[in-house]
């Protein structure tokens, strides 16, 4: 998975009918200049640090027929995490 | 998913029979020099900003047996999106 | 998919029995220094511009049990394509 | 697979219900500045060198319905490995 | 697929039970500084040039339930290949 920071949000009116209703975030992968668009079922906000899963596992998370979604926020990272990791 | 801008269109006469009829766009991934070829069911035009899903989820979108297509335009990005994201 | 140019061809005598008989091309991804090996069912030649699909969709194209092939030439690009895209 | 070194650990309280209970490590891919988040069923510690599998094969390892996990520690690398490889 | 050169070999005593018995090579992707770990059913040696398939197609090659293996040596490249490609 990737550690990323929410930097924005996009809207799409003209889209495939199979794209699920919900929020599509723009995130920046930490430590890089790479940005991605990610489906967010968790309601994350700008600046929040998130865990992003990519590929077919993102689509398989959805109930029923898998939609054409290849990136999913699977969690928000607790603020204490990095410090705890570094202390060890 | 990737945020990309349509930069062109390619035609292929000599191709596998399993490639679906339809438009194959050339897009540039925003913020990079990376270009990709993407199947477009939405009729997007040059300069349009699009959402691209990649990998097996692109192939699974097609009805029936999945074709050898690994990139799909799933939506066009509304012009107001980036500004809205930045204001938040 | 990727737009690439055929730069060579490789032969492999010592290989898995599940690798299908046929041509494996070396291609260079356009606009990059990245090279890849790609299974070619279309009989493309050196210098030809091709469309390459990657990942499990390449393997799924083969009839019967999917072979361990992760890159497939799905088409040859018509010479007029790039110019047409740029004029639009 | 990737050879990586464990550099930390993250915690996530706000997460999808389908994320399995267990440890999510932060690792750095050897020879690069790339970092990733990886599910670790083996109890690896900081500084340990690990083998990371990515993509849908990581999700398929879990029993039952595959969770939205795209990176998995599949082994810890014995210390003697690199030296042995170089001597050959 | 990727063209790579075998540079070493790793051993892992502490690993998932689902990792198949066999050789895991370290390879360097030709023309890059990228290194990968690859399962090798063919008994390749240091310095040998190999064809590597990645992703779920590598796991699907194994009989029975797919193991968490995302890279597989599918062939060894005949020495004459590159020269032949260049001459054409």
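Chains here go by letter, A, B, C, D and E, matching the order in which they are written, and residues are numbered from 1 within each.
Everything that follows uses one rule, which is that a residue touches a chain if its C-beta (ideal position, glycine included) is under 8 Å from a C-beta of that chain, and two chains touch if they have at least 3 such contacts.
The structure displayed is predicted, hence computed values, not measured ones.
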item: Chains in simultaneous contact with chain A and chain E; value: D
item: Rounded Å distance between chain C and chain D, as computed from the means of their C-alpha atoms; value: 31
item: Chain centre separation in whole Å, for chain E relative to chain C (CA means); value: 19
item: For chain C, residues contacting two or more additional chains; value: 55-56, 58
item: Arrangement of touching chains [line / ring / star / complete / other]; value: ring
item: Chains listed in ring sequence, where chain C comes first and chain E follows it; value: C, E, D, A, B
item: Of chain E, residues touching chain C in the complex; value: 1-3, 30-32, 41-42, 51, 53-58, 60-61, 72, 74-78, 80-82, 84-86, 88
item: In the complex with chain B, residue positions of chain A that touch it; value: 7-16, 18-19, 24, 26, 33-39, 45-46, 55-56, 58-59, 66-71
